[in-house]
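Labels run A, B and C following the written order; every chain starts at residue 1.
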Amino acid sequence: MKFFNVAVVAFSLGLSACSQMVRTTDMTKLDSVTPLSTLEDMRTVSPALVHYTNGTLLGDLWKRPQLSARDRSIVTLSVLIARNQTTEMPYYLNLALDSGVTPGELSEIITHLAFYSGWGNAASAVAVTKSVFDKRGITLSNLPAVPSEPLPIDEAVEAQRATAVEKNFGSVAPGVVHYTTEALFHDLWLRPGLAPRDRSLVTVSALVATGQFAQLTYHLSRAMDNGLTKAQASEVMTQLAFYAGWPNVFSALPVVKDVLEKRPD
Amino acid sequence: MKFFNVAVVAFSLGLSACSQMVRTTDMTKLDSVTPLSTLEDMRTVSPALVHYTNGTLLGDLWKRPQLSARDRSIVTLSVLIARNQTTEMPYYLNLALDSGVTPGELSEIITHLAFYSGWGNAASAVAVTKSVFDKRGITLSNLPAVPSEPLPIDEAVEAQRATAVEKNFGSVAPGVVHYTTEALFHDLWLRPGLAPRDRSLVTVSALVATGQFAQLTYHLSRAMDNGLTKAQASEVMTQLAFYAGWPNVFSALPVVKDVLEKRPD
Amino acid sequence: MKFFNVAVVAFSLGLSACSQMVRTTDMTKLDSVTPLSTLEDMRTVSPALVHYTNGTLLGDLWKRPQLSARDRSIVTLSVLIARNQTTEMPYYLNLALDSGVTPGELSEIITHLAFYSGWGNAASAVAVTKSVFDKRGITLSNLPAVPSEPLPIDEAVEAQRATAVEKNFGSVAPGVVHYTTEALFHDLWLRPGLAPRDRSLVTVSALVATGQFAQLTYHLSRAMDNGLTKAQASEVMTQLAFYAGWPNVFSALPVVKDVLEKRPD
């Protein structure tokens, strides 16, 4: 499994015993964008945290078969972007790219989170991602901003959503309702650069990461409509416990339980 | 409309076709304070995000007549400060100054958010604002820290507030109750450097930006008592959708609806 | 009282009249990790904020006898780490060390918050703490990552907790339940490097700082089981008002009131 070879793990944690680290920790550019906490720094401050990072986190959690390293990368990056946590972002961006997330998908994840976690978070993520892309010689400048062929829309589902939102908030917040339809459900969600299932995974992760449980029932259900299995949904919560913190996940679990129990197997 | 001339928009988004950019993007000092995501960076990582930023955001949202560019700047900066999102702060500080927010008002916004979003956020905002002020030759060092003439207090309203808080929390948290009266309602809110209506706008924006809906009924009502119209309150939510993220706004809307429906037109 | 001698307060607020500042503000390394807002910067942007910082905050709040400067430091740092607010972190790390928090305790606080506020926050805190430790010649590299003698576990209390969690979430999130027992309650909480009462103080502070009130009843009760007095719990909320912001504390107070009223004196 590519992700777990020593070189990759060593990459930004800076294991000094690893020869490949020399190449991969040449992070001059990154350092100027965001402070990078290396394994050596961590050892000086907390040998215990190194122990948990290498053992419980990288040596155990990330190896659990219930969720792929690709999905774990998407969940983890969504947390970091939604909470504006740039310190670890370069490490997990590289991990994502090494785990099968394409540059184009990263681009869509950031754009998706501009709407779902605020424009400022996307702007921070852009600055860091630019550096990671530069190191790898990646540029997406030539990608079309507007897809020539958007995904087909499920008219019935969308009509139901639009009717409910219009009824609830059409009079109080017509501007929000307008952009919710035009910018989100008739545009962003139809972009083919990220599968709807992954878009849902990003959304659910961001909601839990920021403690916004009021929208979780809707978006977790949508995630499962889009292909996320019950076992994966459960393991997403395990991944989130470490990256969004235990309290957010324990607050989310009653909602998750309710959604999962009401769905057919 | 001053805000939307090309030079201003180009200013920190770095449109390379614009000659005035050369002067205005000389941001050496800013770069050392906070990474600045330029439009060119953004294009490398996500042409789609550039498209939405120039189109939906700057080309559409900010031009809507329901709320002035000045008010939109106050809302947007309040979000960035309350969420400690320094990356975009220089751009929106400049935009605020170009849209009619005075340096003294910016100063009061930061001070207000020290109390309403935590001291650490104000300290981060100070560091970034200092750089923006320096570039423009602004200093407020000679401004009196304590106003010679505070705004008059509405004794009846304040007595009602103080009684309710004392009754609820006087025994459990006397320290909080003490400072709530002395530092907030007999001091901060009476500072004449920021109109009470704008102070309320800052508070409401910060509450939605950080998902703190328990205080929203009180502060949105107070905002409208202080002069915010229903149409403006509604459009504040539209602005917040983009900068605080959709989920926060959808969680806020039931509260907003309740407050607006209960008020006379 | 050590904390309030001028040199310490002057240290990172940069009071230029103080000769010891020259030595203590040599923060080249810190500056590259995180922007440091000095008192001079603050004066340029907001003389009012300087007034409140020196008066209400450092001159009044921190001197209140209901809570020691050591406890106030733990509360304040927990807020900053849990909210990823690195700007003020160097100042409060130094203040903590000068107020009787040991380097080993700081190390445990960061590690504890990796689990209770997300791994990314701990990583940011490591980068800043490393710089503060370097300045003081502190390294903990030789500290054992796993304690040779963990604290004894209260089997009855732990069985009750484990049963409740298993019953609620065992089927929906077995991974979360597994790590909650193995990594948290059979491991992290038994580390002797930080007293359980202080570990609870960190947890409660992080919960209020991030608006996660669903877990507050459990953890505040646990804090008091671990030795936090009612008067201290009350004053923790006063400290949090300034550092986590008023709205978070007002949202927490109903829960705090309920917990305190139900406990015997």
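Rule of thumb we're sticking to: a residue touches a chain if its C-beta (ideal position, glycine included) is under 8 Å from a C-beta of that chain, and two chains touch if they have at least 3 such contacts.
Computed from a predicted model, the values in this text were never measured in an experiment.
> Can you tell me the C-alpha superposition angle of chain A onto chain C, nearest 5°?
120
> Where chain A and chain B touch, do the two copies share over half of their residue numbers, giving same, or under half, giving different?
The interface is built from different residue numbers on each side, given that under half of them are used by both copies.
> Roughly how many whole angstrom separate the Cα centroids of chain A and chain B?
Using C-alpha averages as centres, the distance is 27 Å.
> Give me the residues of chain C that touch two or more other chains.
In chain C, 84, 211 touch at least two other chains.
> Hey, which residues of chain C end up touching chain A in the complex?
32-34, 82, 84, 86, 106-108, 110-111, 114-124, 126-130, 133-134, 139-146, 168-169, 172-176, 178-180, 183-184, 191, 193, 206-207, 210-212, 214-215
> For a test of understanding, state which residues of chain B touch chain A in their complex under the given definition.
Touch list, chain B to chain A: 35-37, 41-53, 56-57, 61, 64, 66, 79-80, 83-85, 87-88, 209, 211, 234-235, 237-238, 241-251, 253-254, 256-257, 260-261.
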